[in-house]
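Heads up: the structure comes next, in C-alpha coordinates.
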(Lines give C-alpha, C1' and ligand atoms only; values in the text may rest on other atoms or scores of the structure.)
Protein backbone atom coordinates (compact mmCIF):
# COMPACT_ATOMS: atom_id res chain seq x y z
CA UNK A 1 0.00 0.00 0.00
CA UNK A 2 1.13 3.52 -0.79
CA UNK A 3 -0.15 6.10 1.70
CA UNK A 4 -0.89 9.81 1.47
CA UNK A 5 1.23 10.85 4.48
CA UNK A 6 3.89 13.25 3.24
CA UNK A 7 6.78 12.03 5.38
CA UNK A 8 7.94 8.44 5.06
CA UNK A 9 11.43 8.40 6.51
CA UNK A 10 13.52 5.25 6.23
CA UNK A 11 15.26 4.08 9.36
CA UNK A 12 16.18 1.15 11.55
CA UNK A 13 14.56 0.14 14.84
CA UNK A 14 16.97 0.93 17.65
CA UNK A 15 14.82 -0.28 20.52
CA UNK A 16 11.28 -1.34 21.37
CA UNK A 17 9.75 -1.26 24.81
CA UNK A 18 6.37 -2.89 25.34
CA UNK A 19 3.76 -1.57 27.75
CA UNK A 20 0.44 -3.28 28.38
CA UNK A 21 -1.32 -1.62 25.46
CA UNK A 22 1.26 0.46 23.64
CA UNK A 23 4.81 -0.03 22.48
CA UNK A 24 7.41 2.69 22.33
CA UNK A 25 9.66 2.29 19.32
CA UNK A 26 12.86 4.27 18.77
CA UNK A 27 13.89 4.54 15.12
CA UNK A 28 17.33 5.69 13.97
CA UNK A 29 16.97 7.78 10.79
CA UNK A 30 20.65 8.63 10.47
CA UNK A 31 23.62 8.44 12.83
CA UNK A 32 22.56 10.49 15.84
CA UNK A 33 19.08 11.27 14.49
CA UNK A 34 16.37 9.31 16.30
CA UNK A 35 12.60 9.54 16.32
CA UNK A 36 10.28 7.91 18.84
CA UNK A 37 6.93 6.40 17.90
CA UNK A 38 4.13 5.11 20.09
CA UNK A 39 1.90 2.54 18.42
CA UNK A 40 -0.34 -0.16 19.85
CA UNK A 41 1.42 -3.31 20.98
CA UNK A 42 -0.77 -5.34 18.64
CA UNK A 43 0.31 -3.21 15.66
CA UNK A 44 3.94 -3.62 16.65
CA UNK A 45 3.50 -7.39 16.79
CA UNK A 46 1.57 -7.52 13.55
CA UNK A 47 4.34 -5.55 11.77
CA UNK A 48 7.06 -7.72 13.32
CA UNK A 49 8.85 -4.75 14.87
CA UNK A 50 12.15 -5.68 16.55
CA UNK A 51 15.56 -4.08 17.00
CA UNK A 52 17.49 -3.88 13.75
CA UNK A 53 14.46 -4.09 11.45
CA UNK A 54 14.22 -1.60 8.57
CA UNK A 55 11.08 0.50 8.92
CA UNK A 56 9.61 3.84 7.88
CA UNK A 57 8.53 6.60 10.23
CA UNK A 58 5.27 7.79 8.64
CA UNK A 59 4.15 11.30 9.62
CA UNK A 60 1.58 13.71 8.20
CA UNK A 61 3.14 17.10 7.42
CA UNK A 62 0.42 18.84 9.44
CA UNK A 63 1.60 16.95 12.54
CA UNK A 64 5.09 18.39 12.30
CA UNK A 65 5.38 21.62 14.29
CA UNK A 66 8.40 23.86 14.18
CA UNK A 67 10.36 25.30 17.09
CA UNK A 68 13.10 27.91 17.08
CA UNK A 69 15.56 28.97 19.73
CA UNK A 70 15.06 32.59 20.68
CA UNK B 1 9.62 27.31 26.64
CA UNK B 2 10.27 23.60 26.96
CA UNK B 3 7.49 21.46 25.49
CA UNK B 4 6.20 17.98 26.23
CA UNK B 5 6.41 16.66 22.64
CA UNK B 6 8.78 13.71 22.63
CA UNK B 7 10.51 14.41 19.35
CA UNK B 8 12.40 17.67 18.90
CA UNK B 9 14.75 17.06 16.01
CA UNK B 10 17.32 19.69 15.15
CA UNK B 11 17.63 20.67 11.51
CA UNK B 12 18.02 23.45 9.00
CA UNK B 13 15.31 24.92 6.78
CA UNK B 14 15.93 23.81 3.21
CA UNK B 15 13.00 25.58 1.60
CA UNK B 16 9.78 27.37 2.42
CA UNK B 17 6.84 27.79 0.08
CA UNK B 18 4.02 30.11 1.10
CA UNK B 19 0.39 29.48 0.22
CA UNK B 20 -2.41 31.87 1.10
CA UNK B 21 -2.94 30.47 4.59
CA UNK B 22 -0.30 27.81 5.14
CA UNK B 23 3.40 27.49 4.51
CA UNK B 24 5.16 24.29 3.58
CA UNK B 25 8.57 24.07 5.19
CA UNK B 26 11.18 21.44 4.29
CA UNK B 27 13.70 20.78 7.06
CA UNK B 28 16.95 18.90 6.55
CA UNK B 29 17.68 16.76 9.63
CA UNK B 30 20.83 15.16 8.26
CA UNK B 31 22.36 14.83 4.79
CA UNK B 32 19.60 13.20 2.71
CA UNK B 33 17.06 13.10 5.58
CA UNK B 34 14.31 15.67 5.13
CA UNK B 35 11.01 16.22 6.84
CA UNK B 36 8.16 18.41 5.60
CA UNK B 37 6.02 20.53 7.90
CA UNK B 38 2.85 22.48 7.18
CA UNK B 39 2.23 25.38 9.57
CA UNK B 40 0.20 28.55 9.19
CA UNK B 41 1.85 31.32 7.22
CA UNK B 42 1.45 33.63 10.19
CA UNK B 43 3.32 31.18 12.46
CA UNK B 44 6.09 30.88 9.87
CA UNK B 45 6.42 34.67 9.75
CA UNK B 46 6.27 35.01 13.50
CA UNK B 47 9.06 32.43 13.90
CA UNK B 48 11.16 34.07 11.19
CA UNK B 49 11.38 30.88 9.13
CA UNK B 50 13.63 31.20 6.08
CA UNK B 51 16.04 28.97 4.19
CA UNK B 52 19.17 28.20 6.19
CA UNK B 53 17.63 28.90 9.60
CA UNK B 54 18.26 26.39 12.40
CA UNK B 55 14.96 24.97 13.64
CA UNK B 56 13.50 21.98 15.42
CA UNK B 57 10.90 19.61 13.97
CA UNK B 58 8.59 19.04 16.94
CA UNK B 59 6.44 15.89 16.77
CA UNK B 60 4.38 13.99 19.35
CA UNK B 61 5.39 10.33 19.50
CA UNK B 62 1.75 9.29 19.06
CA UNK B 63 1.71 11.05 15.67
CA UNK B 64 4.54 8.90 14.34
CA UNK B 65 3.21 5.80 12.60
CA UNK B 66 5.41 2.97 11.42
CA UNK B 67 5.47 1.32 8.01
CA UNK B 68 7.29 -1.79 6.89
CA UNK B 69 7.98 -3.21 3.44
CA UNK B 70 6.38 -6.58 3.03
CA UNK C 1 4.25 -0.86 2.73
CA UNK C 2 2.21 -2.10 5.66
CA UNK C 3 1.38 0.63 8.16
CA UNK C 4 0.66 0.64 11.88
CA UNK C 5 -2.62 2.56 11.66
CA UNK C 6 -5.34 0.36 13.09
CA UNK C 7 -8.11 1.20 10.63
CA UNK C 8 -7.59 0.52 6.95
CA UNK C 9 -11.06 0.49 5.46
CA UNK C 10 -11.50 -0.55 1.84
CA UNK C 11 -13.66 1.67 -0.32
CA UNK C 12 -14.11 3.37 -3.65
CA UNK C 13 -13.57 7.05 -4.45
CA UNK C 14 -16.94 8.68 -4.99
CA UNK C 15 -15.72 12.19 -5.71
CA UNK C 16 -12.65 14.36 -5.52
CA UNK C 17 -12.62 18.13 -5.37
CA UNK C 18 -9.34 19.98 -5.72
CA UNK C 19 -8.55 23.20 -3.91
CA UNK C 20 -5.33 25.12 -4.40
CA UNK C 21 -3.39 23.12 -1.81
CA UNK C 22 -5.69 20.38 -0.56
CA UNK C 23 -8.07 17.91 -2.13
CA UNK C 24 -11.26 16.69 -0.53
CA UNK C 25 -11.91 13.04 -1.31
CA UNK C 26 -15.18 11.26 -0.56
CA UNK C 27 -14.82 7.49 -0.18
CA UNK C 28 -17.73 5.06 -0.21
CA UNK C 29 -17.06 2.25 2.28
CA UNK C 30 -20.39 0.49 1.77
CA UNK C 31 -23.71 1.49 0.20
CA UNK C 32 -24.70 4.65 2.07
CA UNK C 33 -21.57 4.75 4.24
CA UNK C 34 -19.18 7.51 3.16
CA UNK C 35 -16.10 9.01 4.72
CA UNK C 36 -14.43 12.28 3.73
CA UNK C 37 -10.66 12.76 3.67
CA UNK C 38 -8.62 15.90 3.18
CA UNK C 39 -5.12 15.28 1.85
CA UNK C 40 -2.70 17.52 -0.03
CA UNK C 41 -3.39 17.92 -3.72
CA UNK C 42 0.11 16.67 -4.49
CA UNK C 43 -0.52 13.47 -2.51
CA UNK C 44 -3.82 12.97 -4.33
CA UNK C 45 -2.04 13.32 -7.67
CA UNK C 46 0.85 11.11 -6.64
CA UNK C 47 -1.59 8.37 -5.58
CA UNK C 48 -3.63 8.74 -8.78
CA UNK C 49 -6.87 9.40 -6.90
CA UNK C 50 -9.91 9.66 -9.17
CA UNK C 51 -13.56 8.72 -9.02
CA UNK C 52 -14.07 4.97 -9.06
CA UNK C 53 -10.59 4.06 -7.85
CA UNK C 54 -10.29 1.46 -5.08
CA UNK C 55 -8.59 2.98 -2.04
CA UNK C 56 -8.26 2.54 1.70
CA UNK C 57 -9.28 5.07 4.33
CA UNK C 58 -6.40 4.87 6.81
CA UNK C 59 -7.16 6.15 10.33
CA UNK C 60 -5.38 5.83 13.68
CA UNK C 61 -7.71 4.44 16.36
CA UNK C 62 -6.83 7.33 18.66
CA UNK C 63 -8.24 9.75 16.07
CA UNK C 64 -11.68 8.12 16.18
CA UNK C 65 -13.91 9.80 18.77
CA UNK C 66 -17.29 8.46 19.75
CA UNK C 67 -20.56 10.32 19.96
CA UNK C 68 -23.90 9.21 21.38
CA UNK C 69 -27.38 10.65 21.10
CA UNK C 70 -28.70 11.62 24.47
CA UNK D 1 -24.25 19.36 20.77
CA UNK D 2 -23.46 19.51 17.07
CA UNK D 3 -19.74 19.28 16.31
CA UNK D 4 -17.55 20.52 13.47
CA UNK D 5 -15.93 17.16 12.68
CA UNK D 6 -16.78 16.27 9.11
CA UNK D 7 -17.32 12.55 9.56
CA UNK D 8 -20.02 11.34 11.94
CA UNK D 9 -20.69 7.77 10.93
CA UNK D 10 -23.57 5.91 12.54
CA UNK D 11 -22.86 2.43 13.82
CA UNK D 12 -23.33 -0.08 16.60
CA UNK D 13 -20.78 -1.08 19.25
CA UNK D 14 -19.56 -4.58 18.50
CA UNK D 15 -17.17 -4.93 21.41
CA UNK D 16 -15.46 -2.94 24.09
CA UNK D 17 -12.28 -3.92 25.88
CA UNK D 18 -11.16 -1.93 28.90
CA UNK D 19 -7.52 -1.28 29.77
CA UNK D 20 -6.42 0.59 32.87
CA UNK D 21 -6.72 4.02 31.26
CA UNK D 22 -8.11 3.52 27.78
CA UNK D 23 -10.89 1.49 26.24
CA UNK D 24 -10.79 0.00 22.78
CA UNK D 25 -14.17 0.13 21.11
CA UNK D 26 -15.03 -1.67 17.87
CA UNK D 27 -17.94 -0.12 15.97
CA UNK D 28 -19.77 -1.83 13.12
CA UNK D 29 -20.69 0.76 10.47
CA UNK D 30 -22.23 -1.73 8.03
CA UNK D 31 -22.11 -5.51 7.68
CA UNK D 32 -18.39 -6.30 7.45
CA UNK D 33 -17.28 -2.68 7.86
CA UNK D 34 -15.77 -2.05 11.30
CA UNK D 35 -13.82 0.83 12.77
CA UNK D 36 -11.79 0.77 16.00
CA UNK D 37 -11.66 3.69 18.41
CA UNK D 38 -9.49 4.24 21.45
CA UNK D 39 -10.96 6.62 24.01
CA UNK D 40 -10.32 7.04 27.73
CA UNK D 41 -12.05 4.54 29.96
CA UNK D 42 -13.73 7.38 31.83
CA UNK D 43 -15.18 8.76 28.57
CA UNK D 44 -16.45 5.30 27.65
CA UNK D 45 -18.15 4.99 31.03
CA UNK D 46 -19.55 8.50 30.89
CA UNK D 47 -21.07 7.80 27.44
CA UNK D 48 -22.46 4.44 28.57
CA UNK D 49 -20.64 2.53 25.83
CA UNK D 50 -21.56 -1.16 25.73
CA UNK D 51 -22.01 -3.82 23.07
CA UNK D 52 -25.09 -3.18 20.95
CA UNK D 53 -25.36 0.54 21.69
CA UNK D 54 -25.94 2.90 18.76
CA UNK D 55 -23.06 5.36 18.49
CA UNK D 56 -21.31 7.62 15.99
CA UNK D 57 -17.68 7.36 14.96
CA UNK D 58 -16.60 11.00 14.86
CA UNK D 59 -13.50 11.76 12.76
CA UNK D 60 -11.97 14.96 11.41
CA UNK D 61 -11.46 14.77 7.64
CA UNK D 62 -7.82 15.81 8.06
CA UNK D 63 -7.22 12.68 10.16
CA UNK D 64 -8.30 10.38 7.34
CA UNK D 65 -5.33 9.37 5.20
CA UNK D 66 -5.67 7.46 1.95
CA UNK D 67 -3.82 4.34 0.88
CA UNK D 68 -3.74 2.63 -2.51
CA UNK D 69 -2.52 -0.78 -3.60
CA UNK D 70 0.30 -0.49 -6.07
CA UNK E 1 -24.85 14.27 20.55
CA UNK E 2 -22.48 13.80 23.46
CA UNK E 3 -18.87 13.24 22.38
CA UNK E 4 -15.92 11.45 23.93
CA UNK E 5 -13.45 14.36 23.70
CA UNK E 6 -12.33 15.20 27.21
CA UNK E 7 -12.27 18.98 26.87
CA UNK E 8 -15.47 20.83 25.98
CA UNK E 9 -14.86 24.41 27.02
CA UNK E 10 -17.73 26.88 26.85
CA UNK E 11 -17.01 30.22 25.23
CA UNK E 12 -18.22 32.90 22.89
CA UNK E 13 -17.08 33.52 19.31
CA UNK E 14 -14.96 36.66 19.24
CA UNK E 15 -14.19 36.68 15.54
CA UNK E 16 -14.38 34.54 12.43
CA UNK E 17 -12.27 34.97 9.34
CA UNK E 18 -13.12 32.95 6.24
CA UNK E 19 -10.52 31.66 3.82
CA UNK E 20 -11.40 29.77 0.66
CA UNK E 21 -11.59 26.38 2.36
CA UNK E 22 -11.05 26.96 6.06
CA UNK E 23 -12.32 29.43 8.63
CA UNK E 24 -10.32 30.68 11.57
CA UNK E 25 -12.49 31.12 14.63
CA UNK E 26 -11.35 32.88 17.81
CA UNK E 27 -13.28 31.83 20.92
CA UNK E 28 -13.17 33.72 24.21
CA UNK E 29 -13.24 31.24 27.11
CA UNK E 30 -12.95 33.84 29.86
CA UNK E 31 -11.93 37.48 29.93
CA UNK E 32 -8.46 37.54 28.36
CA UNK E 33 -8.40 33.78 27.64
CA UNK E 34 -8.84 33.04 23.94
CA UNK E 35 -8.42 29.92 21.86
CA UNK E 36 -8.17 29.75 18.07
CA UNK E 37 -9.77 26.98 16.01
CA UNK E 38 -9.42 26.18 12.33
CA UNK E 39 -12.36 24.28 10.87
CA UNK E 40 -13.64 23.95 7.32
CA UNK E 41 -15.67 26.86 6.04
CA UNK E 42 -18.54 24.51 5.29
CA UNK E 43 -18.57 23.28 8.91
CA UNK E 44 -18.52 26.87 10.16
CA UNK E 45 -21.51 27.67 7.96
CA UNK E 46 -23.35 24.51 8.90
CA UNK E 47 -22.91 25.30 12.61
CA UNK E 48 -23.96 28.93 12.10
CA UNK E 49 -20.74 30.31 13.60
CA UNK E 50 -20.75 34.10 13.95
CA UNK E 51 -19.36 36.64 16.39
CA UNK E 52 -21.15 36.53 19.74
CA UNK E 53 -22.47 32.96 19.37
CA UNK E 54 -22.06 30.62 22.35
CA UNK E 55 -19.96 27.62 21.36
CA UNK E 56 -17.74 24.93 22.83
CA UNK E 57 -14.07 24.42 22.04
CA UNK E 58 -13.81 20.62 21.79
CA UNK E 59 -10.31 19.16 22.23
CA UNK E 60 -9.01 15.65 22.87
CA UNK E 61 -6.77 15.53 25.94
CA UNK E 62 -4.04 13.81 23.92
CA UNK E 63 -3.88 16.86 21.64
CA UNK E 64 -3.02 19.18 24.52
CA UNK E 65 0.73 19.48 24.98
CA UNK E 66 2.34 21.23 27.92
CA UNK E 67 5.06 23.87 27.85
CA UNK E 68 7.04 25.34 30.73
CA UNK E 69 9.29 28.38 30.94
CA UNK E 70 12.80 27.42 31.83
CA UNK F 1 12.20 27.43 22.18
CA UNK F 2 9.34 29.21 20.48
CA UNK F 3 6.90 26.82 18.80
CA UNK F 4 4.54 27.15 15.84
CA UNK F 5 1.40 25.93 17.66
CA UNK F 6 -1.16 28.72 17.58
CA UNK F 7 -2.56 28.29 21.08
CA UNK F 8 -0.25 28.67 24.07
CA UNK F 9 -2.54 29.32 27.00
CA UNK F 10 -1.02 30.22 30.34
CA UNK F 11 -2.33 28.38 33.38
CA UNK F 12 -1.51 26.62 36.61
CA UNK F 13 -1.40 22.86 37.23
CA UNK F 14 -4.38 21.90 39.36
CA UNK F 15 -3.68 18.20 39.58
CA UNK F 16 -1.57 15.46 38.07
CA UNK F 17 -2.37 11.77 38.10
CA UNK F 18 0.25 9.30 36.97
CA UNK F 19 -0.56 6.08 35.14
CA UNK F 20 2.05 3.54 34.12
CA UNK F 21 2.92 5.26 30.86
CA UNK F 22 0.90 8.46 30.72
CA UNK F 23 0.08 11.26 33.11
CA UNK F 24 -3.18 13.17 33.14
CA UNK F 25 -2.63 16.82 33.96
CA UNK F 26 -5.45 19.27 34.74
CA UNK F 27 -4.55 22.91 34.07
CA UNK F 28 -6.58 25.86 35.34
CA UNK F 29 -6.59 28.61 32.70
CA UNK F 30 -8.88 30.96 34.61
CA UNK F 31 -11.20 30.55 37.60
CA UNK F 32 -13.57 27.76 36.55
CA UNK F 33 -11.89 27.15 33.19
CA UNK F 34 -9.88 23.93 33.15
CA UNK F 35 -8.25 21.93 30.41
CA UNK F 36 -7.00 18.34 30.66
CA UNK F 37 -3.83 17.13 28.97
CA UNK F 38 -2.47 13.62 28.58
CA UNK F 39 1.30 13.45 28.10
CA UNK F 40 3.80 10.69 28.73
CA UNK F 41 4.86 10.23 32.32
CA UNK F 42 8.48 10.72 31.31
CA UNK F 43 7.65 14.09 29.70
CA UNK F 44 5.77 15.14 32.83
CA UNK F 45 8.78 14.26 34.95
CA UNK F 46 11.24 15.92 32.60
CA UNK F 47 9.18 19.14 32.68
CA UNK F 48 8.84 19.00 36.48
CA UNK F 49 5.04 19.10 36.35
CA UNK F 50 3.43 19.33 39.80
CA UNK F 51 0.39 20.99 41.33
CA UNK F 52 0.73 24.76 41.45
CA UNK F 53 3.36 25.02 38.69
CA UNK F 54 2.83 27.65 35.99
CA UNK F 55 2.57 25.99 32.58
CA UNK F 56 1.20 26.55 29.09
CA UNK F 57 -1.41 24.42 27.38
CA UNK F 58 -0.05 24.17 23.83
CA UNK F 59 -2.61 23.24 21.14
CA UNK F 60 -2.58 23.41 17.34
CA UNK F 61 -5.54 25.37 16.01
CA UNK F 62 -6.45 22.48 13.69
CA UNK F 63 -6.94 20.25 16.75
CA UNK F 64 -9.62 22.52 18.19
CA UNK F 65 -13.08 21.47 17.02
CA UNK F 66 -16.19 23.51 17.66
CA UNK F 67 -19.49 22.34 19.12
CA UNK F 68 -22.79 24.18 19.35
CA UNK F 69 -25.94 23.45 21.30
CA UNK F 70 -28.89 22.92 19.00
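Each chain gets a letter, A, B, C, D, E and F, in the order it is written, and its residues are counted from 1.
As a convention for this text, contacts are C-beta pairs under 8 Å (C-beta built on N, C-alpha and C of every residue); 3 or more make two chains touch, one makes a residue touch a chain.
Source: prediction; values computed, not measured.
Select the chain at the greatest separation from chain E, using centres from the mean of Cα atoms.
Relative to chain E, the chain with the farthest C-alpha centre is A.
Write down the chain pair in A-C, A-F or C-D that repeats the interface of D-F; the criterion is over half of the contact pairs matching by residue number.
Answer for D-F: the repeating interface is A-F.
Please identify the chain with the largest separation between its CA centroid and the CA centroid of chain C.
Of all the other chains, the one whose centre lies farthest from chain C is F.
State the pair with the higher C-beta contact count; candidates are C-E and D-E.
Higher contact count goes to D-E.
Give, as an integer number of Å, the spacing between the C-alpha centres of chain C and chain B.
Their C-alpha centroids are separated by 24 Å.
I'd like to verify one number: the distance from the centre of chain E to the centre of chain F, where each centre is the average of its C-alpha atoms, in whole angstrom.
16
Residues of chain D that contact two or more other chains, please.
In chain D, the residues touching two or more other chains are 1-6, 8, 20, 37-40, 43-44, 47, 56, 58, 60-62, 65-69.
What's the complete list of touching chain pairs for this entry?
Listed in label order, the chain pairs in contact are A-B, A-C, A-D, A-F, B-C, B-E, B-F, C-D, C-E, D-E, D-F, E-F.
Could you please specify the touching residues of chain B with respect to chain E in the complex?
1-5, 20-21, 40, 60, 62
Residue numbers of chain C touching chain E in their complex, please.
Residues 19-20, 22, 38, 62, 65-70.
Enumerate the contact residues on chain D facing chain E in the complex.
Within the complex, chain D touches chain E at residues 1-6, 8, 37, 39-40, 43-44, 47, 56, 58, 61.
Within the complex, which stretch of chain C touches chain D?
Going through chain C, the ones touching chain D are 3, 5-9, 24-25, 27, 29-33, 35-39, 43-44, 47-49, 53-69.
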